[in-house]
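Shared chain: chain A. Partners: chain B in the first complex, chain C in the second.
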Partner chain A sequence: MVVSATSRPGGGRGSGDPGRPPPPSGGRKGRIIPRLPVRLRRLGLPYLLILPALLLELLVHLIPMLIGIGMSFIKLTQLYIRNWSAAPSAGWSNYHLAVDFNAPVGRALLHSFLVTVAFTLITVALSWFFGMAGAVLMQGEFRGRGVLRALFLVPYALPVYAGVITWSFLLQRDSGLVNHVLVDQLHLFGDKPFWLIGQNSFASIVVVSLWRWWPFAFLVLMAGLQNIPRDLYEASAIDGAGWMRQLRSVTLPMLRPVNQVLVLVLFLWTFNDFNTPYVLFGKTAPQEADLISIHIYQSSFVTWNFGTGSAMSVLLLLFLLLVTAIYLLITSRRRSDA
Partner chain B sequence: MLTRKPYVFAVAGALMLAAAACGSSDSSTSGSAAAPASITYWASNQGTSLESDKQILQPELDRFTKETGIKVNLEVVPWSDLLNRILAAATSGKGPDVVNIGNTWSASLQATGAFVPLDDTQLNALGGKARFLGPSLAATGAPGQPPVGAPLYSTAYALYYNKHMFKDAGIADPPKTWDELVADGKKLTKDGKWGLAVEGASVSENAHMIFTLGQQHGGDLFDSSGKSQFDSPANVAAVKQYLDFIATDKITNPSDAAYSNGTEALQDFIGGKAAMVMWQSASGTLKTGGMTPDDYGVAPIPLPDPSSGGKQVDSMVGGINISVFDSAANKDGALKFVKFMTSKQTQQDLNKAYGSLPTVTDAYDDPAFQTPEIKTYQQILANTAAPLPQVANESQFETLVGNAMNQLFADAASGKPITDESVKAKLTEANQQMAG
Partner chain C sequence: MRDPKWLKWVRIIGLGLLGLFTVTPIYVMITSSIKPLKDVQGDFHWIPTTITFSAFHDMWSTVPLAHYFVNSLIVSTIASVVSVVVAIFAAYAVSRFRFAGRRAFSITVLSTQMFPGILFLLPLFLIYVNLGSAIGVDLYASRTGLIITYLTFSLPFSIWMLVGYFDSIPVALDEAAKVDGSGPIGALIRVVIPAATPGIIAVLIYAFMSAWGEVLFASVMTDEASRTLAVGLQGYATQNNVYWNQIMAASLVVSIPVVAGFLLLQRYLVQGLTAGAVK
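Up next, the complex of A and B:
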C-alpha cells in the first residue's frame, strides 16, 4: 500500500525510480516482495487477477481444442480408443483424406461444406432482414407492442428440441400440417411433396433455422435501436427526411457496431449449428441438406473414425477463424475510414 | 402415433470429450480390497419404455441378489445413447460391469478390447457352447476368436401380414416367393391402403434388408479377405429389388421413404394402412396397438428359388448380447450375473416379457414358446438366418450403405427412375468411402 501510494506521482513515467521500500519488517517474505521493482508488481497485478479466469478458460476451451488437434494426427479408430497413445501416428493423412476432392471422402466433405456455406448465407441474410424489419416496425409506440415483442421471441426461448421436433411433425409428408395446408387446402401441388428428404429438405432446414435465429437478430437490433438518440430523428425530420431516408441515413449507420457483431455471431452460430439439423433429420441428413456439423459427426462418431473427424473439425475451425479475421479486418477498417 | 424419436437425447454427445465426461458413470465400487458386493448393469431398451424395462428386469435382479448376495445397480440406456455410452466407457476405462450390446456391434466392439473374451472354461460355466442357438452364438464376435459376450435375446426378421386384409383381397396364404409377394401386394394396394410398409429412411433397417436380399442374390458385402464390395452386381440387384416396391411395383407408399424412427411402418401396419411389414419381434408392439394373433399372421420372408444360385437366407440374426467390461471392478460378480441372465428360468421370464426368443435351447420347453409365431421364428433362426458380417468396421457398413439407400429411396419416392446404373453409382460411392 505504501509503495503504490508513493509511486503514484511518477507512475508510468519510467523514471527508473524503484521507490524506496520500507525497512524490512523481518521474515523472508517481507524481504522478497518489496525487492521486486514497483513497475513489475503493478504490471503483474492485472494478470494475477485474471489468472483464475484464464486457467478456467484454458481448461474449458483450449485443452479440448488441443486434444482435438492432437487426435487429428493419429489413426484413432475403435481399435485404439482404450489407449490413445497406442494409436499409430497418421501424419497428415487424415487431412489429406479430408481435402482430396477427387476421392469420395473429400468430395463428400466439399459438397457438405458448399451446402453449409449456402445455407449459412441465406439464413443469416434472412434472419438479419426479418430481425431488422421487426425491430424497426416495433420502434414506434402502439397498442399490443409488448405482446408482439414477446411473441416474436418465443422461438428463441423455446428449447431447441421442442421447437425443431414440432417442425419435423409439421413437415411430415402424410400427416404433416404443411402438406395439409399446401395440398389439401390450397391445392398448390398435385402430389404431396416430401419436405424432410430429397430436394426440399434444403428449404426445410433454411426455414426452420430462420425461425430459430431471427428472434435473436430481432432482440439485438431492438436493443440497438433504443440507443439511437431521438433528437437525430427529430433533426432529420426537420431537414425533410422521410421514413426511408431516416432508415438509410440515421438508423443503419447508428446500428453499424451492433450489426457488425450480430452478423458475425449469427454466421458462426448458424454455420456450426448441430442441434437443428440433428433433431430435424436424425443421424444422417439428406444429401441436399448435409450440413457440415452433422457430416463431421457422421464421419467420426457413426463410423468410429475419430481421427478423420477431428481433422475435419480442425479444418472447419481454421476456416471459421479465417472468415472471422477477414470480416473483422474489413468491417473495422471501414469504420475507421468513415 | 408419433411416439418417440429415439435418437434425440444424444444431442450433447456430439463432442467426444463431452460424452467421455458425462458418460463415464461412476463405478459402483471404490476399489476397496474387499470383494465389492454390487455390480452396475446397463440394460438396453427392449420394452415399450425405459420404465417398463425396469419393471420387467427388477424382479429378476432381486432374485439374483437373493441367490448370490450381489446387488445390481440397473440403468436402462436408450438405443440412441447406448453405443456412445459404451464407447465413452471404453475410452475412459470407467463404466459399468455388465452391459447389453446389439449383436451386430460384436466384432466392432471386440476390436476395442473393452470386453472380457469368454474362453472355453467360462463358456462351460454357462453350460457350454452347445446350449446356445448356433446362429446367435455366431454373432458374438469375429469368427475364430473367443466371443466377447453371451447371447441374451434372439430375434430375426419375419413377414407380418394382416389376416383380415388378406381375406378381403381373396388371398389365402402368405406369399412364399417374391413374385407372389408383389402380386399379393398389388391386390392389397387400393383405397389409400398399401401392400407393404418399409422404413425407407432407417439406416439400420435398410442395411439389414440389403444384407438379406444380397445373400438371396448370391452376393456378399465383404469378400473373403474382408474387403467391402457393396457395388457387386448381386448387391445392386438386391437394392433395386427393395426400391422397386416403391418405384415399379408400387405396392409401398412413397411416404415410407421418409420413415426413420423405427415405429412408423409398424404403426401403418397396426392402423391397417399397410397389409404387410417385415419386422423383428413385433408382437409386443402389436399387442400394445390392440392387435391379437387373430388379426395378424407371421411367416418367413420369401426365399429365392433354390435353382437361382442364391443363398437360402431370409433374415439376419438379430439379437442382444450381454458382455462384461474388462475394466469391471467386480469381474467375478459380473460373470455370475451373465450366468444368471442366461439361465433357463431368467431366459424364459425375460423373453416371454419381451416377445423375443430364448438364446438357450433348454428354455424352449415352456408352452409360451410353442406359439405359431415363436415356432416360425425358431425355424427361421435355426435354418435360414445368417449373422451380419462379423467384421470390425461393420458399423461403417451399416452407416454408409444405409445412408446410400436413404438417398435412393428419396429418389424413388419422388419419381426419379431407379436403374442399375443409378443404384450402382451410389453403392460405389459408399464402397469407396469404406476404403478411405
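Up next, the complex of A and C:
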C-alpha cells in the first residue's frame, strides 16, 4: 500500500492537488498520520467518482452487449428461452441466415436495411436543413421571437408517443386531417389514399420523424450560432460582405465543429429509432417502411428467434461502428485541412 | 449585420411554414380532445362543431391512466435525479483529474450511444430475471428495473455535456476553495456545482424527458402493475372502438408536465449547450 501510494506521486496531478501548501514543520505532530490516507484517497478519488457510472454502464450496456454477442452464436429459439444456457451452439449459422440474400430471411433484412438507409439519409438531411433555416432566420431581434422559438421546440419536448400518436390520427384514412386537406380541400387525389399501410407509409414515417427531430437540430444550431463572435460579422460587413456572403463565409465555417457532432448524433439516433415506427405502425411495420429496429424486434419477439435477432443486431452495430469511424476520419481531416 | 429587404420576406415565409408544420399536430391534439366521439370518427373538421370535456373525464376510467401516470412520475423522477448525481461525479472526475483510463472511460461511455437498443434489450431482460431472483429484488417487471435502465440511458449525454460545462469553469475557483480548506469534494459542492447550475438543470430536463418518453424497454420490461404512460396510452386502441378524443385528451395531459417544464427551463438547455457541448 505504501509503495503504491509513493510510487505515483503525481497521481492527482493537473488541476487537482498543487494548491495545498506543504505542511509547516511545526504542525508535524498532527499531520504525519493522516497524510498517507489523504494521498491514497486522492489517488483513488477519480476512480471512486466514476465508479457508479461505470457500474451502471456495465450492468445495462456493456455486459448485456457481450451476452447479446454470445447469444448470436447459439440456437436460441422458443424451446430454449426458459433455459437458455442449454441452447445448442449455432456457430456462424445465425449470421449465414441473416446475410443469405437469396433466402427469405436475408432478403427481408437487406430490404429493411436499404429502407432504413434511405429513411435515415432523407430524415437527417431535411432535419439539418430545417434546423439550420430556422436558426439562421431567428437571428436578430423581431417581435414574437421568443414565442416562436418556444413553439418550435414543442415537438422535441413532447413525449414521443404523444406526438406520434397524434400523427397517426392525422394520417387516418377516413377521419384524418391529411386526407381532409389533400382530398376534400385541395382535390389532389380522386380517392382517399392510405398513409399508414402500403407505399405511402415511407413518406409518412419520414414526415413524422422530421417533425420530431428538426427541433433538436434547431436547438443545437441556435446554441452554436450564439457562440460565433459578433465582431466576425462586423469585420466582414466592413469588407463589404452581404448577407449571403456572411452566411457562406462566416456562419457555415464557424458552425462546422457543431455540425460534425450534430449530424453524427442525428444519424445514429434516427438509424436506431424504434419509438417512432413502433407507435406509428404498431408491432409490424408495412413493407415499405420496415425500419431495421422494428424488423429485428419482430424477428426476435414475434417469431421467437432470438439467436438470429441477436446476429442481426450485432451486424447492425458493426455497420454503425464502421460508418462512425469513417465519418469521424473524413470530417476530422477536413477540419484540420481548413 | 444589416439585413437586406428580401430577407424580411424570406424570414416571414420560412418561419411561417416551419411554424405551420410544427403547430398543426398540436392544434389537432387540442381541438380533438374537446370533440365528442362521433366527431373524431367521422370526417375531419378544422373547427369543432360541438365542444365537450367528456373525454377528459372518461379517459381516467377507460384505462387506469392515473396509475400509469404515477408510475411514470416515480420512474422518471428517481431515474433523472440519480442519473444527474452520478453524472456530476463522473464528469467532475473526467474534467478535473488526469487518471489512467480517463480517455478509455469517456470513449466507452460515449460509444454506448450508438448501441441499438434492440441489441441489449433481451440480454438485459434475462439479466434482470436472473439477478433479481438471486438477490431477492424484483428487477424484471418492476419500477426498480426500469429506473436503473433509464438512468443509464441519459448518462452518456449528461456526462458529456457536464464535462464540457465543468471545463469552462476556471480551475482557479477550485483552488481558491481548497485554500479555504475544502477537499476536492468540497470544491465540487461549494464551487463547481453552483457555477454549473444551468448545465445541471439542462441535463436534468434531458434525463427526465428521455425517461418519460421511452417506449421500447417500457413495452417489454413492465407488467400491468408497473406499466408506464408510454405503453398505457396504447390501451385506448385495443378495444373495437378507438377513442381518438380520449387518446388526444390523455396525450395532452401527459405532455403538459414535460412541455411546460421544458419551455420554462429551455434557456438553461441552450446555455448548457452553448457553454459545454457545442464548443
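Assume the second predicted complex is superposed on the first by the 284 of 338 C-alpha atoms of A that agree within 3 Å, B and C clash if a C-alpha of one lies under 4 Å from a C-alpha of the other, contacts with A are read in each partner's own complex, and residues count from 1 in each chain.
The criterion applied here is as follows: a residue touches a chain if its C-beta (ideal position, glycine included) is under 8 Å from a C-beta of that chain, and two chains touch if they have at least 3 such contacts.
Predicted, not measured: the structure shown is a model, and the values here were computed from it.
Peer 1: One more residue to check, A:206. First (chain B), second (chain C), both or neither?
Peer 2: It touches nothing on chain B or chain C.
Peer 1: Once the structures are superposed on A, label A:304 by its partner contacts, choosing first (chain B), second (chain C), both or neither.
Peer 2: first
Peer 1: Is A:173 in contact with chain B, with chain C, with both, or with neither (first, second, both, neither)?
Peer 2: first
Peer 1: Would you check which partner chain A:105 touches, where first means chain B only, second means chain C only, and both and neither mean what they say?
Peer 2: In the superposed model, A:105 contacts chain B only, not chain C.
Peer 1: Is A:217 touching the first partner chain B, the second partner chain C, both, or neither of them?
Peer 2: neither
Peer 1: Answer with first, second, both or neither: which of chain B and chain C does A:272 touch in the superposed model?
Peer 2: second
Peer 1: Looking at chain A, which partner touches more of its residues: chain C or chain B?
Peer 2: C
Peer 1: Once the structures are superposed on A, label A:124 by its partner contacts, choosing first (chain B), second (chain C), both or neither.
Peer 2: Touch status of A:124: no partner.
Peer 1: Quick one: is A:316 in contact with chain B, with chain C, with both, or with neither? Answer first, second, both or neither.
Peer 2: Only chain C is touched by A:316; chain B is not.
Peer 1: Figure out whether A:133 sits in contact with chain B (first) or chain C (second), or with both, or with neither.
Peer 2: In the superposed model, A:133 contacts chain C only, not chain B.
Peer 1: Go through chain A and flag every residue that touches chain B in one model and chain C in the other.
Peer 2: On chain A, the overlap between the chain B and chain C contacts is residues 64, 67, 71, 160-161, 165, 169, 174-175, 274-275, 278-279, 293, 297, 300-301, 306.
Peer 1: So in the complex, the part of chain C that touches chain A is made up of which residues?
Peer 2: On the chain C side, the touching residues are 1-4, 7, 10-11, 14-15, 18-19, 21-26, 28-29, 32, 40-45, 86-87, 89-90, 92-94, 96-99, 102, 105, 108-109, 112-120, 122-124, 126-127, 148-149, 151-153, 155, 159, 171, 174-175, 178-179, 184, 209, 212-216, 219-220, 229-230, 233-234, 244, 247-248, 251-252, 254-255, 258-259, 262-263, 266, 269-270, 273-274, 277-279.
Peer 1: Touching residues of chain B toward chain A in the complex: what are they?
Peer 2: 1-2, 5, 7-8, 11, 13-17, 84, 87, 90-91, 93, 108-109, 111-114, 201, 203, 253-255, 257-258, 260-261, 392-393, 395-396, 399-400, 402-403, 406-407, 409-411, 413-414, 429, 432-433, 436
Peer 1: Flag every residue of chain A that touches chain B in the complex, lowest number first.
Peer 2: Going by the criterion above, the answer is residues 64, 67, 71, 78-79, 81-82, 97, 103-105, 108, 160-161, 165, 168-169, 172-175, 192, 194, 196-199, 274-275, 278-279, 282-284, 286-287, 293, 297-298, 300-306.
Peer 1: Spell out the part of chain A that touches chain C in their complex, as residue ranges.
Peer 2: Going through chain A, the ones touching chain C are 11-16, 19-20, 42, 45-47, 49-50, 52-54, 56-57, 59-65, 67-68, 71, 84, 130, 133-134, 137-140, 142, 148-163, 165-167, 169-170, 174-177, 179-180, 184, 211, 215, 219-220, 222-224, 226-227, 233-234, 237, 242-243, 246, 257-258, 261, 265, 268, 272, 274-275, 278-279, 292-293, 296-297, 300-301, 306, 309-310, 313-314, 316-317, 320-321, 324.
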